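Listed after this line are the structures, all set down as structure tokens.
One chain, chain A, links the two complexes that follow: it is found with chain B in the first and with chain C in the second.
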Partner chain A sequence: MEQLKQLKQYFRPEQLRELSLIVLIALIFLFFGSQIEGYFSPRIFNRVTSDVAIIAVVALGETLVLLTRNYDLSVGSIVGLTAFFVGKQLTAYPDMQPILAMLLAIGAGSCLGLINGLLVSYGRIPSIIVTLGTMAIYRATLVAYPGNKMVVINDLPGWITELGSRQLFSIGEFSIRPVVVGGLVMFIIFQFVTSYLRFGRRLYAIGSNPEAARIGGLPSHRIVLLAFILCGAIAGLAGFLYLVRYGNLNTAAANGMELKVIAAAVVGGISTNGGKGAIMGALLGALMINLLQQSLLRWLVISNFWVDALLGLLILIAVIIDSVIINRLSDLWNRQDQEINPVDEKKVIKEKKSHAA
Partner chain B sequence: MLRRFERLKSWEGVLLVVLIGIVIFNSSMTPHYLQIQNQVNLFQLNIEKIIIVLIMAFIIINAEIDLSVASVMALAGCVMAYLFEKGLPFGLCLFAGLLTGVLTGAFNGFMVSYVRLTSLVVTLSGLIGYRGLAHVLLENRSVGNFPEWFDRLGQQPLVGPFPLALIIFFVLLIIALIILQWSGAGRYVFVIGNNSEVARYSGVNVRRVKMILFIVSGLVSAFAGLLLAARLGSMRGDTAIGTELEVITMVLLGGVSIFGGTGSLYGVLLSILIILNLRNGMGLLNVPGENQTGVIGALLILSVLGPNIGRGVREAWNRRHVQHIRVGEEEKGG
Partner chain C sequence: MTTSVEAKAPVLQMRHVSKRFDTTQALDDVSLDLYPGEIHALMGENGAGKSTLIKIMTGVYHSDSGEILLDGKPIRVANSVDAQAYGIGAIYQEPMVYPDLNVAENIFISHRSQGVIVNWRKMYQDAEKILAKLDVKLDVRLPARGLTLAAQQTIEIAKAISLNVRVLIMDEPTASLSAHEAEQLFNLARSLRDQGVSILYISHRMEEVFEIADRVTIFRDGKRISTLPRMEVTRDSAIRDMVGRKIEDFFAKSAGQRGEQLMSVRGFNKDNVFSDINFEVYRGEVLGFAGLVGSRRTDVGLALFGVEPADSGEIILDGKAEKIRSPEQALRLGIAYMTEDRRQIGLTMPMSITSNISLPMLRQYLSRFGLIQTREEEATANHYRERLSIRTPSIQHPVAMLSGGNQQKVMLSKWLNTRPQILILDEPTRGIDVGAKAEVHHIINELAAQGLGIILISSDMPEILAMSDRILVMREGRQMGVFTREEATQETILTAAMGQNSGATKAV
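== the complex of A and B ==
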């Protein structure tokens, strides 16, 4: 019993869900590995990792917004618009520095995020309405962009193609590309930000109870605004990665990506009611969805038209597991936590005073 | 007379002024705009959307959302086309299409009202999943050559210049108006949208109301899918992609709150007219489709931002006013 209590202190039900996702991903991996010939080849590995990197990065930004109990439906359009914009700029000025191009993408993305954030936090418009509108507006801006409606890889400077296919380092025969490393770095930074920094914890506070956070004196407006700006900036970075990965773009670039991103976040256990979930989950969700998609495309037993149908089912199952099992488990955990450590009221009051001071 | 002006200050009044502005602008730009044929066309080209808008208004007032409508449209159409291709009698195919809608709606409704999942997530998975099933059925083929009477119903006018779908829309509109604005069932929809806990304690069967709404939403979407199949004369897996967003835009522009509980079908009707006329006008001016959607997106944001700014200014003015006359009470923070 004593051991069980100790185990409980180090182990939360939310981690159980991440653990089960990892196990599930491993199972998918092993299953398709036994079914598809050449599944463990470097080519498929590259495909999956590059795709996951882009979706996971966008999902990470979306998670910041979802945590505050808001939505950003415009991320697909932001990714498309920044990729297109930077591609056009690079076509016009081919001797631009790579780092400058990346900063340009991040800057453009954060401007678009700023518009969303201002309308949501200071215009007091529900985020779903704002981003539904800006999704259409950003896409229209992309279509109305002067000049022809394509970015062609041959017009882009050589380093784009080079960056997309170069291997940074390799593990065995699997090469790791810069896009993947970029994604991983972002993931580590934001896992740290959301778990340890004040800004990150405040996102959770606002999402789990906006009213309480406001009364408790958190600058909710500013934090939500910052979450949207960050989400835009990250989507801008993902736009740059998108350009590096694909090179050829048309006006439908990254169309519908927002749904995939939200799906990844939901499968990863990030609640659409805010305040729940971890960045780690978004990464695992993106990995799982992409792995399943790429594997089913190559599995000859069922037609590859089943991919989306199964994806829908997967999302639903993830949410059902969340609401039926995980929530009950965490109720159980919380109850027993209180039995183990009954709340010391004096201590709480003392802490509150020191916070107020 | 004064009371009439009071009513004009409401949201419907604003929409009405915008609509009149658009109509005047359009008719000054092109002489063909006000002809009956153009007006019928403008409805006819979007008839499936505006039929779904009616039930979507119910669902959003009920504080839920249904993102899967466009995918249900495609799935119902594809089930119908698939069975037709297999050689079943056509009436049975149509029935199967409608049944698909009922089943998907019941599934969504069950997940929302009995398993208690968020409707946004449930119908998001429906949006992806039902579309996927539609692709499974027809793969990437296009199925057409439906019976001649079916195509004719979808494409030719039935009574005078009005095609069947338009007549059905007006019948449904009247039914929806009666239910939502004047009947007890409509009150339930509002009450649940305002506060479903209170509704439950007052003895409203919240689960059943939500269930019924989702089933009807599925049925209406399936019906719209069949109408679309008749109008286009063929069906593909990717038909009607993205329709849900435009449907939701129409409802929200009509003054229905995304948090539920407020709104009216009159506003929704006006917003349908605004969007259709705006699109038609832009089409006559050769504005490309994506940019039309962008303009509507901007209109959606402005439509909520405008009243918010107005309220903010009014509150600020009231605060100053209160300070000025030095009421003894403590100032209330806004």
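== the complex of A and C ==
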């Protein structure tokens, strides 16, 4: 019994979701491995990992916003706009340092996030409306960008292509690219931020009970603003990774990415009601969604037409699992070991007597 | 402990604090001293100004005039952050916890002194220390979601202690606790008091106040009436101080002829909400429902109208026992319910007077092709505009533009238009001015004279006394008695509402 209790302390139903995601990912992998010829090839591995890295990084930023019980629908446009903007700058100034180009992307993303955040936290406009608006505005800005409507890889400095295809190290015949390593580093940083920084814990607090946060004296406005700025900055970084990964861009770059990103977060257990979910869940969610999508595209049994529908279905299933199974399990968990106890009965009686006197 | 608290210097003083909302003077030149190491009970009827006072102390509201002194020095409490910094904390009936955070985090999340990086191990240890000091065993790693209300309240108290509160406001903290849990809470309160914390304890439960308070302050109509050591307060003196509102400006109900029985409710019960409610409603009669906050009068109204159906008990209408499961069914049976919350659920603010009135009966206004016949709709609206004298430039005016009193009349029209036999009115005059109030009373009178059975739920004691033929008093979901017009006085009603059955007769 005691052991069970200890086990319960370290293992909670929420983790069951992460565990089952890992199992599901493995199953998807094995299933398609048996269906698609050459599935385990380095080429597919590279494709999937690079794509996952970008989606997962954006999902990471989105998660920060979701935790506060807000949405950011403009992330796809931010990724597209920053990628395009930095691509144009690099075309114009090919001598720019790679690090500077990256900082430029992050800076541009932060500014866009700042606009979202100010409107939401100080303008008191619901985030879904604000970011629906800025999603369109940021995309329009990209289309209206002066000059021709393309970024072409041949006009970009050589290090971009180099960075995109370079092998940092390899596991067997599978090479690991900088984009993937960059994504992983981000996850490690933000796993730390959300579990060990005061700011991170306050994200959870605000999403968990906004009213209590207000009455309890948490600086809610500032924290929500910061979440949006970080989300923008991270989307900016993802824009840079996007440029590195693809090189050739048109005005539809990263169009519709917000759907995939939110799907990844939700499938990974981040609650759209805020306050719930782990950063690593978003990574697993992104991995699962991308793996499934890439595999379905190559699986000739199902028409590509259905891939998006399947993604949508997956989101719904994830939400249902969340609201039905996980919540019920958590209740069970809590009920069993909750036990606020008991002041000593004798003492109560004694006190009562002394006060009655 | 009751002796000589006043020998020490007060920790917090309210000096000549006043606060006005539109037409009501919520606080009128109130002064109150809180001393370290005392449990100071604050009592008063609904609307006496208790909540306003604590909201000013915690920075939710700002007073119009007057000042707050801490250790003799004036302070400005602009918001909850300030209150926290000054050591003023509050716990409420519904604990304000973060369900997704664990116990320890809930205690420490709003601490400024905690560094930027969370030291989990230290936080758990500190949380355990505080809980140990409170003599409470609670796993600090459990998330707050799913903990009992008592446990959640313990978290709030632990949080207050960790913030070194000097003044702790407890607003009806035992309202949703079991007797055993409440006893634990009292022990916590006493041990805090013994450590020098000043506790402002707000409660409607007389026996509780007598059990733990050192001093008792009574508010009435936004004024402080008395502050006395507990030993000098008796139940009767407390009740006397709480009532005594002047009855004026009231259009007393004319004693009409009581007609046949319209409805009989037997053993009405909803688990954990109310139980064993029995009463009858007669044609031409106003049955008042009195009680304090948390007495569950509104829940009985909602159950009768089928919004939140009761679990058991029967409603006999026209000699037939009915189970009301939905508002549609209630309307068919001739019951209408006018909510107390006209802004949120009573009216559709941006829509016109006409559309609001016809809404529940829209089917009657449909033509053969399913289109709304606006001319008939307007005829109805005009009819009520005249009958209830709704003052408006036109019946197409959005209700949001009307005064509170006129909005109330629109809501009344809407439900009268359903042709009810029984009309339940929940706080029909709350937040409207004196003139409109008198008009509403006049309308109620007329409706009763026309043969409707009216259930009047009201927190306004003079109103209920003046308007009702009989008064049913509830307390915490239980029926405390039914009083006839002759038996009912402010004292008898309040005594019953606070938990004493004396003088109550059985249902008439």
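Here is the rule we use: the second predicted complex is superposed on the first by the 339 of 357 C-alpha atoms of A that agree within 3 Å, B and C clash if a C-alpha of one lies under 4 Å from a C-alpha of the other, contacts with A are read in each partner's own complex, and residues count from 1 in each chain.
In this section, a contact is a pair of C-beta atoms (placed from the backbone, for glycine too) under 8 Å apart; a residue touches a chain by one contact, two chains touch by 3 or more.
Remember, predicted model here, so these are calculated numbers, not experimental data.
> Going by the contact rule set out at the top, does A:E211 touch chain B (first), chain C (second), both, or neither?
After superposing on A, A:E211 lies in contact with chain C but is clear of chain B.
> A:V23 contacts which: chain B (first), chain C (second), both, neither?
Neither: A:V23 stays clear of chain B and chain C.
> After lining up the shared chain so the two structures overlap, which partner does A:L100 touch, if you call chain B first and chain C second: first, second, both or neither?
Neither partner.
> Determine, under the contact definition given at the top, whether A:I315 touches first (chain B), second (chain C), both, or neither.
Only chain B; A:I315 stays clear of chain C.
> Quick one: is A:R202 in contact with chain B, with chain C, with both, or with neither? Answer first, second, both or neither.
The second partner, chain C, only.
> Is A:G133 in contact with chain B, with chain C, with both, or with neither (first, second, both, neither)?
first
> Does chain B (first) or chain C (second) touch A:V307, or do both, or does neither?
first
> Return first, second, both or neither, reflecting whether A:K276 touches chain B, chain C, both chains, or no partner chain.
second
> If you look only at chain A, which of its residues touch chain B in the complex?
Per the stated touch rule, the residues are 119, 123-126, 128-130, 132-137, 139-144, 251, 259, 262-263, 266, 272-273, 303, 305-316, 319-320, 323-324.
> Residues of chain B touching chain A in their complex?
My answer: residues 111, 115-118, 120-122, 124-133, 135-136, 139-140, 237, 245, 248-249, 252, 258-259, 288, 290-291, 293-298, 300-301, 304-305, 308-309, 312.
> Enumerate the contact residues on chain C facing chain A in the complex.
Touching chain A from chain C are residues 58, 60, 79-81, 83-84, 96-101, 105, 109-110, 114-118, 120, 135-139, 141-143, 145-148, 150-151, 154, 183-184, 187, 190, 211-212.
> Using the touch rule from the top, collect the residues of chain A that touch chain C in their complex.
9, 195-202, 204-205, 207-209, 211-219, 275-276, 330-331, 333-335, 337-344, 347-348, 351-352, 355-356
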